[in-house]
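After this come two complexes, each holding subunit A, first together with subunit B and then together with subunit C.
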Partner chain A sequence: MSRILLEVEGLSTHFMTRNGVLKAVNDVSFTLHEGEIIGLVGESGSGKSVTGFSILGLVDPPGKIVAGSVRLQGRELIGMSEPDLRAVRGREISMVFQDPSTTLNPVLSIGTQMRLALEAHETLSRQAADARCIDVLNKVGIPDAARRLGYFPHQFSGGMRQRVAIAIALLNHPKLIICDEPTTALDVSIQAQILLQMKTLAQDFGTAMIWISHDLSTVSSVASQLLVMYAGRIIESGPVRDLLRVPDHPYTRGLLNSLPDHASPGQPLVQIPGQMPSLIGLGAECAFVSRCNQSDALCQTSPALRSKGARRVRCHHPVAGDWQ
Partner chain B sequence: MLGFVIQRVCQAVVVMLIISVLVFVGVYAVGNPIDVLISPDATQLIREQTIKAYGLDQPLWKQYFDFLVRLVQGDFGRSFVYNMPVIDLIFSRLPATIELTLTAVLGATVLGVPLGIYAGYRPDTVLSKMIMGLSIFGFSVPTFWIGLVLIFTFAVTLGWFPAGNRGPTASLFGIEWSFLTGEGLAYLFLPALNLSLFKFAMMVRLARAGTRETMLTDTVKFARASGESELTILYRHVLRLISIPIVTVFGLELGSTLAFAVVTETIFSWPGVGKLIIDSISTLDRPVMVAYLMLVALLFIMINLTVDIVYVFLDPRLRHRRS
Partner chain C sequence: MLLAQAPIMTDRPLLRVSKASKQFAPALSFGDHIAGWLGQEVDQRIVHAVDGVSLDLHRGEVLGLVGESGCGKSTLGRMMAGIYPPSQGTVQLDGVPVMGAGKKPLKTTTRIQMVFQDPFASLDPRVRIGETIGEGPLVHGLVDPANVGAYVAQWLETVGLPAEAADRFPHQFSGGQRQRVAIARALAMQPDVLICDEPVASLDVSIQAQIINLFLTLKQTLNLTMLFISHDLGVIRHMTDRVAVMYLGRIVESGPTLQVYDHPQHPYTRALLDSIPRLVTEGDELVVFKAIEGELPSPLAPPAGCHFHLRCPFVQERCKTVVPDFSDHPSLPLSGRHVACYFPIS
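This part shows the complex of A and B:
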């Protein structure tokens, strides 16, 4: 096994809203090795994006990291000074967002935007900077990159724009890229291309990735480890194949069953009944209890994380036995 | 780009033609200028001679045509009151107004935009609240009152600045400017401050609103995630993104201030065109009114054209749509 890159321990990010404390990320822990791709899955509002932003120290007020530790190669990022954090962002950990048409600045040429990202970390001559940009653009599959440096975002298609955003994220050869649903806003055919390309790039550069998505099938095609998030907590984790073959948490099972591939033609898709509870004022009970068909009196207390080999589950009644 | 400019110049010619009709109808065709031009006890002969001399016996379309021909030749006639060519009269006053207006609008923008960006970036600090308080003050207090207070405080009580008039000037490109002499600057200061307060308030509000909106976008988040400093983000990303509405308002304000700096010019006895037009209206000096209106229309058209060209440089999406 390669060396540990990132250790997240007991990370909790809360939003101090007018109606109370919203626990967007609640005691999240996981470990990421160098070059590893880990998938972070959950439905909207489960806290997966906030987890990504928390790692980078980019939680906007009223959000606040209230507890936990994020160690990058042993260095603690939580509580680090803003200038030190800025040196980490983009250079050691970078991020790709969902919609490239909103992340790229519409009034700056992509060359300018790439140079700004480079100059944030080092002083380069114009020629050297351009050479770096062209090199990375070629690697992400943008042909004729030298000419396209002068192009503006609106002159690219959606897929090409996302490639530019990925190029910016790769520019300083970071050790980790947090991908926040980078293919969700794209056409299905382009999704597959970008997915494959990012997987190859991660291998070539030795970059680790946290792939955030609500789409189990996308994640399972890139990631080796899977984290399933529900109501701000990680409720199940483990190696992708193992976890998808035998999901232990009723929620993961529900997610898998609701995939269209599992439905018979002409039959309605399977759903998980109900909705995720409000993250404000979560009670002591298991957050999934109202939607679960296995629940009993035990579920009125929040389940602890149980482990079995590389697998973890937060449930009183995991499907398979042998849990400690 | 060139095609766009040519198209806009053609539009400008059409607009100027329409304005000339309106001005002609409004100033020449309404009322009887003869009653103003000659004394009531003049003989019928003198009356007819005057009517003939001013072409008032011609049909209306012919009169308009003659008026247009004179306009194109740059002949706006002579001022009844000052008895000198109107064009000379206006150009002797215009530099004073241009100087005052540019100082006020540029000053308001150069100060207002950074303060507005700061107020949008850190909305909860004491300084931001003070900036916003000042901008509410600038919006709500009438110009004439502020002008009087400024004169009372800084000219009468403290004696730091002169109370009015233009003061000494120096010549540049054959035009007299106040800002070239130290004392001239002192004369310029109070009226420019008076005129700029409202524009400052507007620029602060625009920049603040734009910044608050932009800071929440993914563009800023992505720039932060790339490790760019907050200063780079504000200067390179936010300023560029909010510049289009600012340039729009800058152009509009510049035009309307050039045309209607009347209140400030009157309070500070600033010898600009605003004061000239008020005087010419009260003395029914028609050629001056006509020339002034045409000039204001032309200025607006030129400013709007410049603003449109600046847009094309600021927003690449427009650049490619047009070419």
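This part shows the complex of A and C:
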């Protein structure tokens, strides 16, 4: 096993809203090794993006990281000064957002934008800088990169713009890239291209990734570990194959069963009834209790996260027994 | 099982698209203007969004339309719904053009309705949803003012919403509920044909299942005829009787859905099917997927001949110059397979 890169422990990020405290991320812990791709899945509003932003220290008021620790190769990032954090962001950890237009500036050529990103962290000759830019553009599969340095974002298709955004994230050879739904807006064949390229990059450079998505099939095709989030908490995690073969949490099982692949054509899909509770004023019960078909009296108390080997589950009645 | 009662293919389709094309002269974007000021070349050519498509929709069938982003699915759907007039060719409902003639043609029928991808953008935030649903039927005399309340309640119930929902505003609903409202609005017009453009794409997996189930129920109870546009091949396989695969403005293959999925004949269909990451595991292994080589060519300058020839592993000289188009071939039965390729996979 390669060395540990990132340790997230007991991370909690809350938003102090007018209606009360919104617990967007609640006691989240996981470990990421060098070169490992971990998938973070969950429905909209479950806290995936806020987890990503919290790791980067990008939480602004009314949000606040209220507890926990994020260590990058042993260095604590929470509480680090803003200048120090800025040095970490972009060079050691970078982030790709769902919408490439949040990363790309429409009035600057991509060559200029990439050189600016490089210069933020080191001094390079124009020639050396261009060579680096061309190199990463080639890596993400943009042909004819030298000429395209002069292109403006609108001269690329959506899929290529997202690749440029990924190239910028790769520029400083970060140890970790957080990808927040980078392919959700793209269609299947372009998704496939980008997924394969990201996987290769992780292998070739030892870059670790956190791949955020609500689409189980894309995540499971890149990641080796899966974290399933629900209502701000990790409710199940483990090696992808293991977890998909025998999901132990009723929610994960419900998600998998609701996919069209699991029903014969034309037959009703199995649906999870109801919706996720508001993250303001979550009670003491299991957050899934109103939608769960396994619940009993015990579920009125919040289940602890239990572990068994590489698997973890937060449920009083996991499918397989023998949990500690 | 639904497949047993596959729709009856009569010679006369309910909706017929004949050699329909649509070109756009793209307006300059903000970025283009800037590029122009900076002295760069700006493309001002014509986009060939849909290129000579012939397609039939039969009463009671659900036809799927798949293809990569930008290949023209929405444009074709909008022509079939009577929202865009075709630049060439015709779209006819029961033999009557769905749009009038003239410089600014109007939709001539309310018998075709459309449901869009984004349930947030397609509803007016200031209008109570009861009014949103009741307005069209009132204007077109499908219901009189005295009964509109009950009429709206009936359609809300059909899509699984409580009657009280009529008094609420769109922001008081979740994404999945808003999509139900949009479906109720379309159904309240009592259409013969429903055109759905990516109706579940913006919803979470667990909500998608609810909306897909709603469509399946509606299809049976109302005997709906639907065009179902999606880039999600799993959803298309589940929902549709027949599927048409589109590439760069043209239909390259069509046929009964399961036949096309199990035995794709067009090289593009096969590449598309191979490129989906799937969750279904074979034994211990996750099924490996392959990316389609190369980029989708620009619809501003589509290649000559077969549009797929730049990316096709089976390309021959002939493919590069002459368009493979067998849609008029007399031996092709309407319900059969149609493959626009010189060297189909057998």
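Everything below uses one rule, namely that the second predicted complex is superposed on the first by the 322 of 324 C-alpha atoms of A that agree within 3 Å, B and C clash if a C-alpha of one lies under 4 Å from a C-alpha of the other, contacts with A are read in each partner's own complex, and residues count from 1 in each chain.
Note that a contact is a pair of C-beta atoms (placed from the backbone, for glycine too) under 8 Å apart; a residue touches a chain by one contact, two chains touch by 3 or more.
None of these values were measured; they are calculated from a predicted model.
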item: Partner chain(s) touched by A:103 [first = subunit B, second = subunit C, both, neither]; value: first
item: First, second, both or neither for A:196, with subunit B first and subunit C second; value: second
item: Partner chain in contact with A:269 - subunit B first, subunit C second, else both or neither; value: second
item: Subunit B versus subunit C as contact partner of A:19, first or second or both or neither; value: neither
item: More subunit A residues in contact [subunit B versus subunit C]; value: C
item: Partner chain(s) touched by A:215 [first = subunit B, second = subunit C, both, neither]; value: second
item: Contacts of A:116 with subunit B and subunit C, given as first, second, both or neither; value: first
item: Partner chain in contact with A:261 - subunit B first, subunit C second, else both or neither; value: second
item: Which of subunit B and subunit C A:154 touches, first, second, both or neither; value: both
item: Residues of subunit A contacting subunit B in one complex and subunit C in the other; value: 106-107, 152, 154-155
item: In the complex, subunit A residues that touch subunit C; value: 43-44, 106-107, 152-155, 157-160, 186-193, 195-196, 214-218, 220-221, 240-241, 244-245, 254-256, 258-261, 263-272, 275
item: Complex interface listing, subunit C residues touching subunit A; value: 1-3, 29-32, 34-35, 40, 68-70, 174-175, 204-210, 212-213, 216-217, 231-235, 237-239, 257-258, 271-272, 275-281, 284, 286, 289-292, 295-296, 298
item: Contacting residues of subunit B [partner subunit A, same complex]; value: 216-219, 221-229, 232, 236-237, 240-241, 314-317, 320
item: Contact footprint of subunit B on subunit A as seen in their complex; value: 56, 58, 60, 86-91, 94-95, 97, 99, 102-109, 112, 116-117, 119-121, 152, 154-155, 165, 168-169, 171-172
